[in-house]
Amino acid sequence: MEMVVGFVGLGAMGGEMVRRLLAAGRKVVGYNRTRSKARPLLDAGMGWGDSPRAVAEAAGAVFTMVADTAALHAVTEGPDGILAGLGPGKIYIDTSTVSPAASRALAARVAERGARMLDAPVSGSTVTVREGRLSFMVGGEKAACDAVTPILLEIGARVTYVGGHGQGALMKIATNLNLAAQMLAFSEGMLLAEKGGIPRELAAEVLLNSAIASPMLRYRGPFVLRDPEEVLFTVNMMQKDMLLALEMGRQLDVPLPTTAVANEFLTAARAIGLEDKDFAAMYEALARLSGRPR
Amino acid sequence: MEMVVGFVGLGAMGGEMVRRLLAAGRKVVGYNRTRSKARPLLDAGMGWGDSPRAVAEAAGAVFTMVADTAALHAVTEGPDGILAGLGPGKIYIDTSTVSPAASRALAARVAERGARMLDAPVSGSTVTVREGRLSFMVGGEKAACDAVTPILLEIGARVTYVGGHGQGALMKIATNLNLAAQMLAFSEGMLLAEKGGIPRELAAEVLLNSAIASPMLRYRGPFVLRDPEEVLFTVNMMQKDMLLALEMGRQLDVPLPTTAVANEFLTAARAIGLEDKDFAAMYEALARLSGRPR
Amino acid sequence: MEMVVGFVGLGAMGGEMVRRLLAAGRKVVGYNRTRSKARPLLDAGMGWGDSPRAVAEAAGAVFTMVADTAALHAVTEGPDGILAGLGPGKIYIDTSTVSPAASRALAARVAERGARMLDAPVSGSTVTVREGRLSFMVGGEKAACDAVTPILLEIGARVTYVGGHGQGALMKIATNLNLAAQMLAFSEGMLLAEKGGIPRELAAEVLLNSAIASPMLRYRGPFVLRDPEEVLFTVNMMQKDMLLALEMGRQLDVPLPTTAVANEFLTAARAIGLEDKDFAAMYEALARLSGRPR
Amino acid sequence: MEMVVGFVGLGAMGGEMVRRLLAAGRKVVGYNRTRSKARPLLDAGMGWGDSPRAVAEAAGAVFTMVADTAALHAVTEGPDGILAGLGPGKIYIDTSTVSPAASRALAARVAERGARMLDAPVSGSTVTVREGRLSFMVGGEKAACDAVTPILLEIGARVTYVGGHGQGALMKIATNLNLAAQMLAFSEGMLLAEKGGIPRELAAEVLLNSAIASPMLRYRGPFVLRDPEEVLFTVNMMQKDMLLALEMGRQLDVPLPTTAVANEFLTAARAIGLEDKDFAAMYEALARLSGRPR
């Protein structure tokens, strides 16, 4: 329990993950671009690092949880970046969703500093984290994965080592393409029931208690009835992951028919102005195509 | 607990449902085209009716669970059919998956006999039944639904009344279209992971413990690794439901993009000779398109 | 030139076909449900038969050109139907688009009368007929096809014998599935150009003078700019053919991905109230999904 | 007729275009990475420039026709690049297919040199060029377009000015997305006919003489019967254009359903090893999904 953990990126997901670490008695030093957002975590005992580099210097295991490759670049590169603070013995764990290629490139930079990197994206929402059911899919060196597994298990419930650098990222992308396809199919079922005269609330209740009710649908399905209080995974964010999947499909020669079709409905959701809504807004795009004006 | 239950169609699903009723102490009279298949149920205390009509005459509530509209016709019509055995006070519950129109037509015939019909399809596999978690979506007269709800709850865990005649059938179709779409998306994720170098078993493990893991996928996902011992829901059966969904989509003016695409991969599974395999065989169709010969 | 031709179904297409026959000096006896529509043809020299049967009795070669299987049934069956007027030596040519199975069933009924049937659907619009460029794809007995080829060439420019009964129908269905797919792809190109700032008229001009400009697109593409004066092939009619194609795809185990997707956009066109517009209305459905209210 | 034309990129298309210019009596100075390929053109009277820069220096109007953005960069940048040879009064016309953004960026660089750029992609194959039927869709300054229109009309038959910088590129992308969708739909029709028993040659003959027979299909359709002598537009090249289209669709918020689906079948063609075949190989991918091993 003695290794200090650094954490860069204290948004909704990152924040919940740190909270789990603190609850487990882990010493955590954190950094966020907007310090004010970290206030509750600081109150809960988290230490503050003045830069990503400072966090990396203070910790044996450094985590990042950011939105995309550009954000990852912003916190890792430069004189104040994580890379500058890494050195032999340290392990850097990126839990963001980026391309395997971007992850492998970063792993090479980390190795140049004498440290080791793991790509360890997660499956689940903030609710999943809070309930301690988060899963990690980890790519990189097996020994490095073993070394930080106790820490990962303070955050979540399951750690699966899937292979070398970038394989965690690949596995995450392979998982996430299912999200949009499931959401679109769910929308098809909902609209079929509704236009056939079954009240929307009732249709959702039946579907979300049936064999198709994945954890994602149980969480997100109700958003077609009413907007969520907080939007954590927007149409734009979902499409980012779909584009990664489609790109990997082309690289690996795997046709992805439902992914391709679902992606076009994310575009449609954007086209009708819903790009910053939860990606359950795919339902609205299909509803519009079914003749119901929004 | 005193109402006698009749049950016509003692296949895998029907058989398990009767088993639940018997376990609850319910008196059941059953009929199956092939009597030998009913042996274990008869040993467990089920009574035998010599025809669907005899079953209907002996029972206050009569159930059917058969494969399709043709099979339904076979057990309801004619001198030995259920209709001939129905009369005032009796309730006939069809748990098969047929079109709302076929169900409504049958309900009218039942009403002519002075009895009442409910369309009450179920969501779940034999495993779901055995675990007592089966859900019913019920269409018909609300009072008739209330009257048999105690019996339905001996079989399963949840009864949702969704509206008039045929609405249970519609709700089932709206649910089932998700099955094939989820299976195809899952196959896309699996093949992406595999062709990217992640062992198939490992990829399945991660996906089936992630946010996309619906009960259906947790049950059926492993079939891409090894064939199931018993095939309960074939490519052909799944396509039957998809065609019902696509037909409803046209009638109700709801475009069904993932349903339409997934249906074509069921056709592809048939084209490569897998029509009688569990519909997880969609994975094989996509694998073939990904360059892997079967 | 001496064989009398009977023609049942004098709508837009049928009327133009008869006009070609008359212009070639052929003696034609016609029938149409609504006689008033036949006025101009009668003025042009066509004889009138009081029923489909009367037409069949008066002619050596009888043609039908009707909307669907139901309409075909209406003019062939019954005491006043074509079948009743057929006999040895006569050849019956159906140029409608129906399923191969329906066509084969009718051919068997024709054979019972001692006559021979050909399924000979056509590719092209009324414009194509008028310009003498119509193509026939003919199924049935080769000798029967040869016997009527001179007549077919009075109407159009090309006769292709494709095989036994129903094969003409199959070939037509295989052709027509392309129409909706081409129209949807054209709409995608149009909207991409337009939303990128290229005036709609200009975009259409470029596309319709490029390598993608099939005769169908050159005819129908301009309808996205302004409604046609006369609607000859509606969304509903196009969808009828797509459903025949999808059904054949399932029977013959051929996955039809673009057909399936395009068909859903025909449903969408229906959903926004355009079912009786020319099927170029698929463009409007996609436009709506692109954020432009109709 | 006095303006000297420079031409960089003397592959199949570029070569034919130069041949047209020479035939019109135009003075042309050309450059190609592999000089040997230019031999026949030099024999036909074309002058040689030792570098793209030399070509630009020698000409009033400079053309490029290369494979992609990377190739374009290679011939425009650097001390020997076209940009270095441009200056006031000169017009640079790129006829390649690249993204509007890439084209606009290059136009800005050209403007820095005091010259003007047009993006002027073409629609058609080498056959189209040879027959003098090539179309240009031109973006950039209207006056510049007018200035070179006489030259463009020596090469082809039609010049359409579609707007500012990048609009020619956009229009080309909007055109080309139709190619793959049409090819896939054609393959669906072919396989339906064939599996239904119509000989492949015959099915192609009917389809290619019907209302769906675009110039592209008339050229490429026969490739499903036998490989072309020379492959000019491969699966990989077609997919490059599809990716540009899908990217533009996302930028402009236009869902592209048939484009997305057809693109996955290009991936499938790659997966079965056909990436360097003419993109008519989409047919083989669908044939495989229809149960026919290649």
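Some notes on this structure:
In this document, chain identifiers A, B, C and D correspond to the written order of the chains, with residue numbering beginning at 1 in each.
Just so it is clear, contacts are C-beta pairs under 8 Å (C-beta built on N, C-alpha and C of every residue); 3 or more make two chains touch, one makes a residue touch a chain.
Everything numeric in this text was worked out from a predicted model, so none of it was measured.
In terms of the stated touch criterion, the partners common to chain B and chain C are A, D, listed by label.
Fewest steps needed to get from chain A to chain C, stepping only to touching chains, is 1. Chain centres were defined as the mean of their Cα atoms; on that basis the chain farthest from chain C turns out to be A. Each chain gets one centre point, the mean of its Cα atoms, and the points for chain C and chain D are 36 Å apart.
Averaged C-alpha coordinates put the centre of chain A at 40 Å from the centre of chain D.
The distance from the centre of chain B to the centre of chain D, each centre being the mean of the chain's C-alpha atoms, comes to 53 Å. Among all residues of chain B, those that touch two or more other chains are 249, 253-257, 261, 265, 268, 271, 289-291. Against chain C, in their complex, chain B makes its touches with residues 239, 243, 246, 249-250, 253-257, 260-261, 263-265, 267-268, 270-271.
By the touch rule above, chain A contacts chain B in their complex via residues 100, 123-125, 128, 135, 137, 158, 160, 162-164, 167, 170-171, 173-175, 177-179, 181-182, 184-186, 188-193, 195-198, 202-203, 205-207, 209-217, 219, 245, 248-249, 252-259, 261-262, 265, 286, 289-291. Interface residues of chain B, counted against chain D in their complex, comprise 257, 261, 268, 271-273, 285, 288-291, 293.
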